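Pasting the structures in now, so scroll down.
Heads up, the next two complexes both have chain A, just with different partners, chain B and then chain C.
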Partner chain A sequence: MPDTHALVTDFLNKLKKRKIEGSKATAKLTAELLRSVISQQRLPNTNQAGALIHAIKAIGDQLTAANPVEVAVGNIVRRVLHIIREEDVSLTTASIGGLSLQGLSDDDEDDDNPLVSAAAAAAAARTTLRPPSLQTLLEDIPPHSAAAAAAALHHSSSSAGDSEDKTKSTDKNSRSRKLKHNVIEAVNELIQDIATCHELIAEQAVEHIHHNEVILTLGSSGTVIEFLCAAKEKKRSFRVFVAEGAPRYQGHTLAKELVARGLQTTVITDSAVFAMISRVNMVIVGAHAVMANGGVIAPVGLNMVALAAQRHAVPFVVLAGIHKLCPLYPHNPEVLLNELKSPSELLDFGEMSDCMDFGSGTGSPLLHVVNPAFDYVPPKLVSLFITDTGGHNPSYMYRLIADYYSADDLVLQQRPTS
Partner chain B sequence: MGAKKGGKEDAVEDMPHVPLKAILLADSFTTKFRPITLECPKVLLPIVNTPMIDYTLAWLESANVEEVFVFCCSHSKQIIDYLDKSKWVNQPNFSVSTIESHNCISAGDALRFIYDKNVINGDFVLISGDTVSNMILTEALQEHKERRQKDSNAVMTMVIKQSKPSQITRQTRLGTDELFMAIDPATKQLLYYDDKSDDQKGTLTLDKAFLAENPSISIHNDKQDCYIDICSPEVLSLFTDNFDYQHLRRHFVKGLLVDDIMGFKIFTHEIHSDYAARIDNFRSYDSISKDIIQRWTYPFVPDVQFSLNNPTNLERHGIYRASEILQSRSAEIGPFTYIGKGSSIGGKTVISNSVIGDGCKIGSNVLIDGCYIWNNVTIEDGCNLKQAILCDGVVMKSGSVLEPGVVLSFNVVVGQEFVVPAYSKVSLLPQPVTQDSDEELEYADNNSGIIHTIDTLENGNSRTEWESSEVGIGGRGFIWSMSEVDHEEEWRHSVAPIPETKLIELTQMVFDNLELNIQDDIVLAVPGEQESGNESDDDNMDDSLQIFEKEIEATFLRAVHEKVKDDHIILEVNSLRLSYNLALEDCASALFYSMMKLALDTTHTSPASLVKNANDVMSRYGKLLKPYLQSVDGEIEVILKFEEMCSESAKEFAAVFVQILHMLYDKDIIQEEAILNWAEEKEGADESDKVFVKQSEKFIQWLNEASEEED
Partner chain C sequence: MILLHAHELRRQFRVVIVDSRPNLEGQQLLRKLVEKGLSCTYTHINGVSYIMPEVTKIFLGAASVLSNGTVYSTIGTACVAMVGHAYHVPVLVCCESYKFHERVQLDSICSNELGDPNVIAKVPGRKKSCLDDWASKENLQLLNLAYDVTPADYVSTIVTEYGLIPPTSVPVIVREYGREHILI
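Presenting the complex of A and B:
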């Protein structure tokens, strides 16, 4: 336990100091961290899922607060929570046996508010982990409306599974191990998914990139490289325009990479995007995060590209691994989901130091350098999302989110009052 | 999994791995932040609502330093208490330990003390606890290590950064004096370091030998010393060996540069996109606060939780807001402002370019511009604050006014409608009487005294014996008096911008200096009439030659009258020659000219007595010419000069040209060869030029014959 604590603080520090950047790396590290937390979490005999969810939520709360801009952290935490819930449900259903009727009581299994009085928690715990009995049914207060959906889901699944298992009393120990084991398995799968999302997305490249097309991209994204190269490998011949992506100029590294893989590449400045867009057949870019409304948080400059693409009716395609899918709706994204980086990426401090001599003049700084890291691209400008599960419309994002996250986890922050 | 990964990293690093250590001096050993530092150590003073030492520690941690020794001297208990409570002590790969000493009065003492403790055995980073930086250390460390392998005398790498000093005030934006550095452009070795420019004129004197020794140097005045040094362990022993080293720069660096016996070298590492600066005085406090708010120090900015700072949101226009702020709807918060947790702001209050700490209560109709307000400050209605620092617990009664540059130390109360005059420093503690003007003075000395005074103050409060005259009715605090000199220079190091009038005054001074000093190449264009004549180089040369001749003549005459020793005359002439940058021959001809002038000026009746005069002078002072007549060319030059005199300034000599020439020959001042060469040179000249050659035809012939006989 102290070991995980150290790991968590270490990761928190790294997040706070912005030592880990990039949604994929963060997602992977978060998932790995949560996996080790789960594996070392000692579970009580009762209400194991609740305890796990509680632990993960506590950590997730800290993690998201450490760097609110890196939404991938929150996404992974929610995914893991969702996994725990699902595993728990499937385990319970498996052990319920034929008593499909009792399945109904199972709805209180999602302890969303683990801080209720100890008795209630214990009661709730019992219901989740044991085959529900009449007594627990009576003791119990159904927590909230969200449970209804879960109950329905559960009900159907339990009725399906009732035939296989008749022994109600499974050994607790083996059960607890089983839940943990299953969850860790599932988290491993998630890590695997994150690692392979590039390939899954790249597989779809041939369907989108055609012969003699001109593709425009901005900045650098691992997913975009793989996507373009996959098309190249399928003998598609096309040209790529790379906008350099000031001020970080990641476009330069992208261009290098593309040329190394034998793609015809042209580097342009960001400001030349509008002039070039009319010759472009498709814009393909990566994203930092995809919000629930289909809006995209992306490297700075992309909103401009999206607007240019819209003006010339060029499809604007966003590649996003499923870990980038954020179940939140953006509110004031330009400010709240943005990070202002150091102005030294734009200007050399030494060169400008005489402009910033606060000793002379009025003392108020006349020069201000703003270096935002991200842009918000509203959903109406996005033509298509390509995720590991296929291509989707922006308006379909909410549906995907419902598949991957439980509605109960959307708000990670624990309210101290309840 | 995570544990495994960590283990692997260790294994990779462990083999050549020596943990990087750092010495953090949590004491600046200066008194620039008085009176605040009488009550609180400087490193714990908040800058943008986070103690300075947190910035330093956060940077050290991010730079992969593993062990930090915090050296505390004055107020050591406060620092140790703070560190114990902070999160720095329980970090996995980052250990902070304190070293405490009470009798150190300088950085030199501190380093000697640390050397005795024997805790440093490898390269270390030497930094003071008031440094804000986000530089990446790896590159500088790598350079340092590589140099060390090649040359074990490379003991220190100093981090510098470009920063242009103001042309007018001759100080950097951080309020420090203009710094001159000479750096070898190829090796980056530091060759010269001087932070005291001569009476603010921006002149720099280098030894000639220094220039001769170093084939290439680049001299900078636009570099800022970041006070981040990567040192080898020798540095500590050097301090121990030279027990008189006190100041890191003034003594240690300069001592090392001047002393070439040991051959230790200092190198520089220039950072470009990274930020590093040291809070040295109130001016740099202001500048660095603004840099932090403008995010040059990213990721050490208020909205990133790099220490225990409260979560803060950054809004548009650089407004940082912590949580639980009560702000009236009509209050106006301007750009580049930080507002701390739990502060409340009343209606129609206008705040701009300021930092407001936690738990402050600001009334309505208050005007705050460019102020640094620390925690739990109460400002009542209708106050007006401009460019001031208000420490914890200050109370401003309604209607009071702070003029620019005011510093209010802890718990000061400013009385109703009282106007605190510009640049004044107010503290609850009375000004120490015996204030040493020396900057090195250590405030820890007075520690015991301070505690004592605080006690008496606490008692005194109940008696309410605060004089109303000091800070108004109901106010509490002493206005510290400043000596005349301090007061004159106060504007330099204040948080307030330099007043317009002062700037104009200084600009005028710069212009005056320019007019006095022709060679001063300050870029400001001056509509000067005096200089206009000296535009071309030729004119300049002629001018300087004439001036030089006059100087030589004056020197010579003075020597004659005051009967100065010959050696001294030669010395003076030599120094004149160097300062005018002329050749030996010029000296010879000028000296000869002045001698002849002397002979001429001595009373004479006939050409014969003139010759005699000349003879006398030559026999007395002829040997002065010797050092300058090393070659035949020089002698020819003398003859030509004499010829010129005869035809222009001293026509009386024309008649006796040959006699004098003969006399010079007899006295071995001019040799036969020179005379013959002179004659040969004149062969092709105009008739008018040949007058004197013809005159001396016989003499030359005799010379020719004599030489033939010798053969």
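Presenting the complex of A and C:
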């Protein structure tokens, strides 16, 4: 399949060169890429889900390595893996349901085997769907438990008799197509979800914004624009302060957009955030990613805003689509999940070059320019997350995340094959 | 001045200069310090949370220190002091005692100075900004505050010619200094 390979390398290059901006666009492209990969993947007769998961994991590994900072890629890969697992389990349980009924209606001696396998598969289904718990960790179930159960089912049914085996194999073929079909269907749904998450979040705007409120935001986020405009459409009149978000000045674009939609907007400098926050009722911002502990990777400067909001007891609300939820717990996120941009955004090279004595040869240059792209906002500074499924406390994020990802996929890196 | 003097004493240190729009005064300071051979790191006010774990001391200037201990200073000072406070970095305000004032102020809005709003619309290094025609738009305002107020609890100490004093001692200095002035 040279076609998917080319697609993957093309996407990898784009990620590496940081040509794709914004987690939403990245998430959408990743999901579409994985969809085409799944549709072109040739599946073996047995353990299809395992094969599919393996293939997706291999690609996911490459993708996350290409841009480790863009966690949306990893999130989508994990979501797709979770979808595959779920579809596989639902197919297995469905077929087992049919089989056990068949077994019961059959003669007595065969009665044992299907029941046992059904029990095994049901257990497997439970473990896969069950959120991570200490028990599952201790039980040490192999990662492809569902697939193993399917294999067990195959064995037991083969012992049942030849005639039944033939019907099983044809059944198997249709199942393979069905799995792929179901998975692609579910991935399409996921893409749809990513596209509509703005609207779902914006619908909740009226619940949070009241008349004559003053709202502060920083930088630019499509979700924030939609959110504020949704409140505006519901005839709420309020005022928005926009901190410009240097050095990228996305606040300017945001302000322009808001004014075009008829909102009262005031642009302030980033340094005036602390001065103005005492007059603000609510801070509403977008996020780059939301971690499992409820911490937020956000555009640079937001940690400062969050601290100021905490000082003045102003609610700090983060809007995040489901694709931004990352099931990982961050370690030293200020550094490890950050990216340093070009110094030229802060300082003109030509301007400072005259006082730099490059000839002194002391080894290290005197001047460093630091231009980080993201900030980490710890969970204690966040008052509320608004996602497509509603508002959530930071401490609840890990639970929300457990609904969307399977515990086996948290680590995407493949272990060296033994 | 403090930094240059310490450099002359051959102390080894590194300076992080946090700059903020719209005046970008940090660039002049940066130029001054680099010319003298100090090792400098330059960043924008938004990057202050990123750099703060590396910082061991914060030196701030002040336009005035009010008698409830708040520091009235160039915009952005309060942000830096706040982040420093959050990361448990001592905040030192360098201020001569003639800048002490008996007035009190609680927030930055009641008494402040407005700068030219046009400078906000202009982005250095970009020819065309998307806010160029801001004046023609009724709903759009640009607010360029010149000063802000740092609450006293963010300030560890104030460096004056009388020595290091806590912000709570400002009214004492104001009174004693004022009385001396009357006596003479």
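Throughout what follows, the second predicted complex is superposed on the first by the 336 of 418 C-alpha atoms of A that agree within 3 Å, B and C clash if a C-alpha of one lies under 4 Å from a C-alpha of the other, contacts with A are read in each partner's own complex, and residues count from 1 in each chain.
Here is the rule we go by: a contact is a pair of C-beta atoms (placed from the backbone, for glycine too) under 8 Å apart; a residue touches a chain by one contact, two chains touch by 3 or more.
This one's a predicted model, so the numbers in the text were calculated from it and none came from an experiment.
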- [ ] Superpose on chain A as described above, then tell me if chain B and chain C fit or clash.
- [x] fit
Task: In the superposition, chain B vs chain C on chain A residues touched - done: C
Open item on the list: With both complexes superposed on chain A, which partner does A:D348 reach: first (chain B), second (chain C), both or neither?
Closed with: both
TODO: Considering only the touch criterion stated at the top, classify A:R279 as touching first (chain B), second (chain C), both, or neither.
DONE: second
Open item on the list: On the A-aligned overlay, A:E32 touches which partner chain: chain B = first, chain C = second, or both, or neither?
Closed with: first
Open item on the list: A:V369 in the overlay: touching chain B, chain C, both, or neither? Say first, second, both or neither.
Closed with: both
- [ ] Figure out whether A:A255 sits in contact with chain B (first) or chain C (second), or with both, or with neither.
- [x] second
Task: Contacts of A:D10 with chain B and chain C, given as first, second, both or neither - done: first
Open item on the list: On the combined arrangement from the superposition, state the nearest Cα-Cα distance between chain B and chain C in Å.
Closed with: 7
Task: Common interface residues of chain A - those touching chain B in one complex and chain C in the other - done: 344-345, 348, 351, 356, 364, 368-369, 371
Open item on the list: Help me check something: in the complex, which residues belonging to chain C touch chain A?
Closed with: 19-22, 27, 30-31, 34-35, 37-51, 53, 75-76, 78-79, 82-83, 86, 107-109, 112, 120-121, 123-126, 129-131, 134, 137, 139-145, 147-149
TODO: Would you mind writing out the residues of chain B in touch with chain A in their complex?
DONE: 1-3, 58, 62, 91-92, 134, 161-164, 166, 168-169, 171, 173, 175, 222, 272-275, 283, 286-287, 290-291, 294-299, 304-306, 311, 313-316, 318, 335-336, 352-353, 369-370, 387, 496-498, 503
- [ ] Flag every residue of chain A that touches chain C in the complex, lowest number first.
- [x] 241, 244-247, 249, 252-253, 255-256, 259, 262-276, 278-279, 300-301, 303-304, 307-308, 311, 334, 338, 344-348, 351-352, 355-356, 364, 366-372, 375-376
TODO: Can you check the complex and tell me which residues of chain A touch chain B?
DONE: 3, 6-7, 9-10, 13, 16-19, 32-33, 35-36, 65-66, 335-336, 340-345, 348-351, 353-354, 356-365, 368-369, 371
